[in-house]
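These notes open a run of structures that come right after.
You will see two complexes here that share chain A, one where it goes with chain B and one where it goes with chain C.
On to the complex of A and B.
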């Protein structure tokens, strides 16, 4: 059984390669179709003439045909060389290694926040249908679906920082005068905890609350709707009716019969939500000056910096593939019918 | 001696957005100890709802009124919901039509059976002991490799095997009454007979009373002692199975029998049932809800309360003009 599962995972990873190749092609073509010439952009100083610009172009390899450039790019990726950022002057891989933990840490907190709000309310709304809590869930869902995350962030900043002064200034992971712990994992909370600096742990968490809440808001609606819908379907099912008819205790029916069945559709949504949080929350990172991969990539895009943008899209695609796989493995662990389909 | 199950004047209404549905109208029903009673009628006649209301499974919008719903002489209506939990599964068990969907798809069937047993265990029953008892019941009803079956998920078992598991679920707490709601309707005919034999012999040897809900008159006459015919939420005829199915007295029972292929020589003898069930949301339902379809209908059938006439000690019919 273990062997079979392992083989399935490997097969799925193999099947992801064509998808990633497609992503590479599309990104490569699209970014070259964008207006802006990197060689001109990075030809520093107005005194540079056409010859200097051409020299830069040659140095960047942009004088070759697009097809040749693509082959070089592919072989570089195969050697895990994602190029060098023209803006930071560092290898792209190193830039991402520095920034990815910040994004992941924020995404995890935001994900946890959305789950804590969405799942219990969704379950209660299904159990007590049309009660006040069901109405509350409808209100929360509507607000969550209608509210853009960055706008919610602005409201939070206005209320909690500007008016009430409860929140710290909404810039970065730590305030300017706090000395950051030495980087081990890149996760600020864990790194601070490793050296036992609980004051910094607390500050890192507090700093994350507002951006995480802004990120979490969009996820609450789909999660809560799926949880409520899944729970209603489960509660109306024959096996719940049968369990009731056999006098199985109510709490057991709720926790061991209804909830696991209701979680299956929620799991798929959870995968989608977490992937989006990791890859597509550029606005939030910009708003809170969060030093993650989102804000870094936007800067690269504006600065016609090819290498980081290409790498960003590829990394996000890999995250999506891994997340989908993780959700599938989790679903198979819960649902025996999933395994049967192979 | 008290009857095992004795229902007097059970009336049930559903509150729906479309109005009040008059689902059951003064239903009388009794099942003696060790007896098997068939509850027959076409779809929508209120058979299943009658079974459900005994176990209070009709949902929050159901309004039940009854003179009594007595199990072994004790009225169940006075019980609190908490106390009623000890009736469900323990004293009255139910078998459902679609066994596959009646078993939790994410739980091994052995665990589901153990859940039921442990829900009613008098004192703390260990998991081991419960599993041993479940395995014993499965073996008693002739399931091979019971230990392996207990580790299977419902999706891995056939419909017939799932229904056998459900029968074991019904038997595991040694109930006094089993309500079997179309237990074999979802199975193919070859499996049907096997599962019916299994269910009935298990009940007969244990002396469990059975209320067998079905639309299949052949099955009902083959396995049951008594038959109760229902139509549109009213009980129309109640008598020994061999009488009801051979010489029905109520016009509806007769039409029901005429519409079934069993025992007929030519297709021409088959007479499809005319008309439809009345809309139970109507507030002006005729006093006999069969009046609109009845060949012997008279004006009084729609207005006057129809008496329940005893033709013999054990055969009653609710009709002004029964057949001879």
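On to the complex of A and C.
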């Protein structure tokens, strides 16, 4: 059984390779199909003429044919060289190494927040159907579905930072005065904990609360609805009725029989929510000056900076593949009916 | 210890206001005299003064980490206390202790400053100056610019002795010295840079992109792309006055509302890139000092493609110029934060440019001009705006659409990303768009040479007038002030009459300052000059 699972995982990873290759081809072609000539964008001096533009084009390797460029790109990727960003002036891989942990750390906190709010309320709303708590869950989901995260973030900043002065300023991962811990994992909380600087750990967590809350707001609605729906289905099913008839204690029915069965659709939603949090929180990253990959890649896209955009799509694709796989494995572990497919 | 544990737990719980409150403490900038805290919108992308694709924000680093041979002196801003602006007409020594210009203006001799060192302790010599200038006239980014000051070849830079550099130009050129004051000809620690140069990269472009080799007043002590950089005062700096020892902490905050909130709470010393409504509100609040200084050589204009029908008819361009609701635009879009460049006199007396063009809104006149051009029924056209500047461009476009509708011109507004905008301008594909022009050198002929002449992108109005081309050519080396003035006046007349660019305004560079900060000086490049900043 163990061996079979392992083989399936390997098979799945292998199958991901053609997908990733497709992603590479599509982004490579698409970004070159976009209007806008990088050489012109970077020949920014008013005295520069066509000759200087050509010189920059040569320096960037854009004078070669698209196919040649693609081969160079492929061989570079094979050597884990994603090129250099024109915007930050640093190797793209280094840029991502600095930014990806910031995005992941924030996404994890936001994800945890949305789970803490959504799951218990969803379960309770299903158990006490049409009670006040169910109504409350309806109110929460409506607000969550209707409120754009960016706007929610603005409200939070206004109330907690600007008016009440309770929150720290909405800028970055640490205040400008704090000396950041040496980078080991890139996760501010973990790096600070590693050197035992609990002040910085606390500051890092506090700094994450507002952006994480703004990010979590959109995820609450789908998670809560899925949880409630799944739970209702489970509670209404025959095996629960049977268990009740046998006099199994209520909490045991709820946690041991109903919950695992209700979790399956929730898990799938969780996968989607977490992926979105990792890939598409550009506005929130910008609002809180959060140095993550979202705002980085949008800046690159606007600045016709090819290398970071290509790397961004590729990295997000890899994350998606891994996430889907993880969700599938988890689902198989929770529900024996769910087979991990090759 | 116990209390801290409790707070950790409280903060971890995610809702504790107590935990939040404690996070707010250490940020009060105004109380710290050893740090000047600056908030910027964009992150610098290189440390190299002439790095390929350098962005404006990178001047904040390269301008302050490097010195030049000479620099502009500063003078007080008229009508403002404790605010200064560069003085284009006074050029003083920086890395060079003094300089001399020969009688015929073709030989410039620079005496390097005794005892001045780079950040690593090596002395600053004429050899460094030569290497730096050789580099500046060789790499693509700075090469073309320096040629506007007759600086084109390494042969022109000769080391007379360790501390004396001589520059020879083929003929006396007003632009040689100003070109030595700009960003590019920074004096680089050549020994250090050469250690990192390779055969493919003799000018150490790759290394200098992410490393500094300067002798300027500031040393880069921390740099995190897209987040922050810290500049420390260089203790052994000898090339100018040192008003204070405070280091500079610059943070990148892309969203204006976050910068504004911090500015209003007084937690930053200097906040840049707030515009329009944000600046107006901060001013109305009255808590913070808002300093608006407009660059005399900067202009926002509506460009019309003078070679593309129907805009190739100057009457059509004039008709558009008469239909712009200038005053309304200036107030509602810019909130009056700029110097108007409309409603000027028809007569031309002053040889400065940009200056107000003689247009105000007059729809009857506009209609008459259109009818004269045979377009009484109007026409269809597009108005293109850069999606990075929608805060001001979009309302301008909408007001234009409305105003032009009244004289029968039907306008479609098109938004394109910056990257594409550059290409469309280069290809001359746009009929009408918002152009922003700023010249580093303030002579009017220089402005015309870039923005009203040539086949380059910067001739936004695609203005191809043989007379202008000739005037631009003739004034290039003109040394007789009377002849020069007469020719410049003629160029201004052409700009007024032919209006390839409808000048709107020269926007203020608005900066929100804390009460503790002094010495603010506006430099020609519009980025921060940190040398004279101090806190008290």
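Assume the second predicted complex is superposed on the first by the 337 of 342 C-alpha atoms of A that agree within 3 Å, B and C clash if a C-alpha of one lies under 4 Å from a C-alpha of the other, contacts with A are read in each partner's own complex, and residues count from 1 in each chain.
Here is the rule we go by: a residue touches a chain if its C-beta (ideal position, glycine included) is under 8 Å from a C-beta of that chain, and two chains touch if they have at least 3 such contacts.
Keep in mind it's a predicted model, so treat the numbers as computed, not measured.
Peer 1: What does the overlay on chain A give for chain B and chain C, a clash or a fit?
Peer 2: Here chain B and chain C can both sit on chain A without a clash.
Peer 1: Of the partners chain B and chain C, which touch A:261 in the superposed model: first, second, both, neither?
Peer 2: After superposing on A, A:261 lies in contact with chain B but is clear of chain C.
Peer 1: If we overlay the two complexes on their shared chain A, which of chain B and chain C does A:90 touch? Say first, second, both or neither.
Peer 2: It touches chain C, and chain B stays clear.
Peer 1: Once the structures are superposed on A, label A:337 by its partner contacts, choosing first (chain B), second (chain C), both or neither.
Peer 2: The first partner, chain B, only.
Peer 1: Between chain B and chain C, whom does A:286 touch in the aligned arrangement: first, second, both, or neither?
Peer 2: second
Peer 1: Looking only at contacts as defined up top, I'd like to know whether chain B or chain C touches more of chain A.
Peer 2: After superposing on chain A, more of chain A is contacted by C.
Peer 1: In the overlay, answer first, second, both or neither for which of chain B and chain C A:165 touches.
Peer 2: After superposition on chain A, A:165 lies in contact with chain C alone.
Peer 1: Answer with first, second, both or neither: which of chain B and chain C does A:239 touch in the superposed model?
Peer 2: After superposing on A, A:239 lies in contact with chain B but is clear of chain C.
Peer 1: Between chain B and chain C, whom does A:247 touch in the aligned arrangement: first, second, both, or neither?
Peer 2: In the superposition, A:247 touches chain B alone.
Peer 1: Shortest C-alpha to C-alpha distance from chain B to chain C once the two structures are superposed, in angstrom?
Peer 2: Superposition on chain A places chain B and chain C at a least C-alpha distance of 32 Å.
Peer 1: Can you check the complex and tell me which residues of chain A touch chain B?
Peer 2: 237-239, 241-249, 252, 256-257, 260-261, 334-337, 340
Peer 1: Please give the residue numbers of chain A that touch chain C in the complex, ascending.
Peer 2: Of all residues in chain A, those touching chain C are 34-38, 40-49, 52-53, 55-56, 59, 85-90, 95, 98-99, 113, 116, 154, 157-158, 160-162, 165-172, 175-178, 198, 201-203, 205-207, 209, 286-289, 291, 295-296, 299, 301-304.
Peer 1: Where on chain C does chain A make contact in their complex?
Peer 2: Against chain A, chain C makes touches at 4, 7-8, 11-12, 14, 17, 19-24, 26-27, 32, 35, 37, 39, 43, 45-47, 51-55, 140-145, 147-148, 209-210, 224-228, 249, 251-255, 257-258, 261-262, 264-265, 267, 387-388, 416-420, 422-424, 426, 439, 450, 454-458.
Peer 1: Which bits of chain B are touching chain A when the two form their complex?
Peer 2: Against chain A, chain B makes touches at 55, 57, 85-90, 93-94, 96, 98, 101-107, 112, 115-116, 119-120, 153, 155-156, 166, 169.
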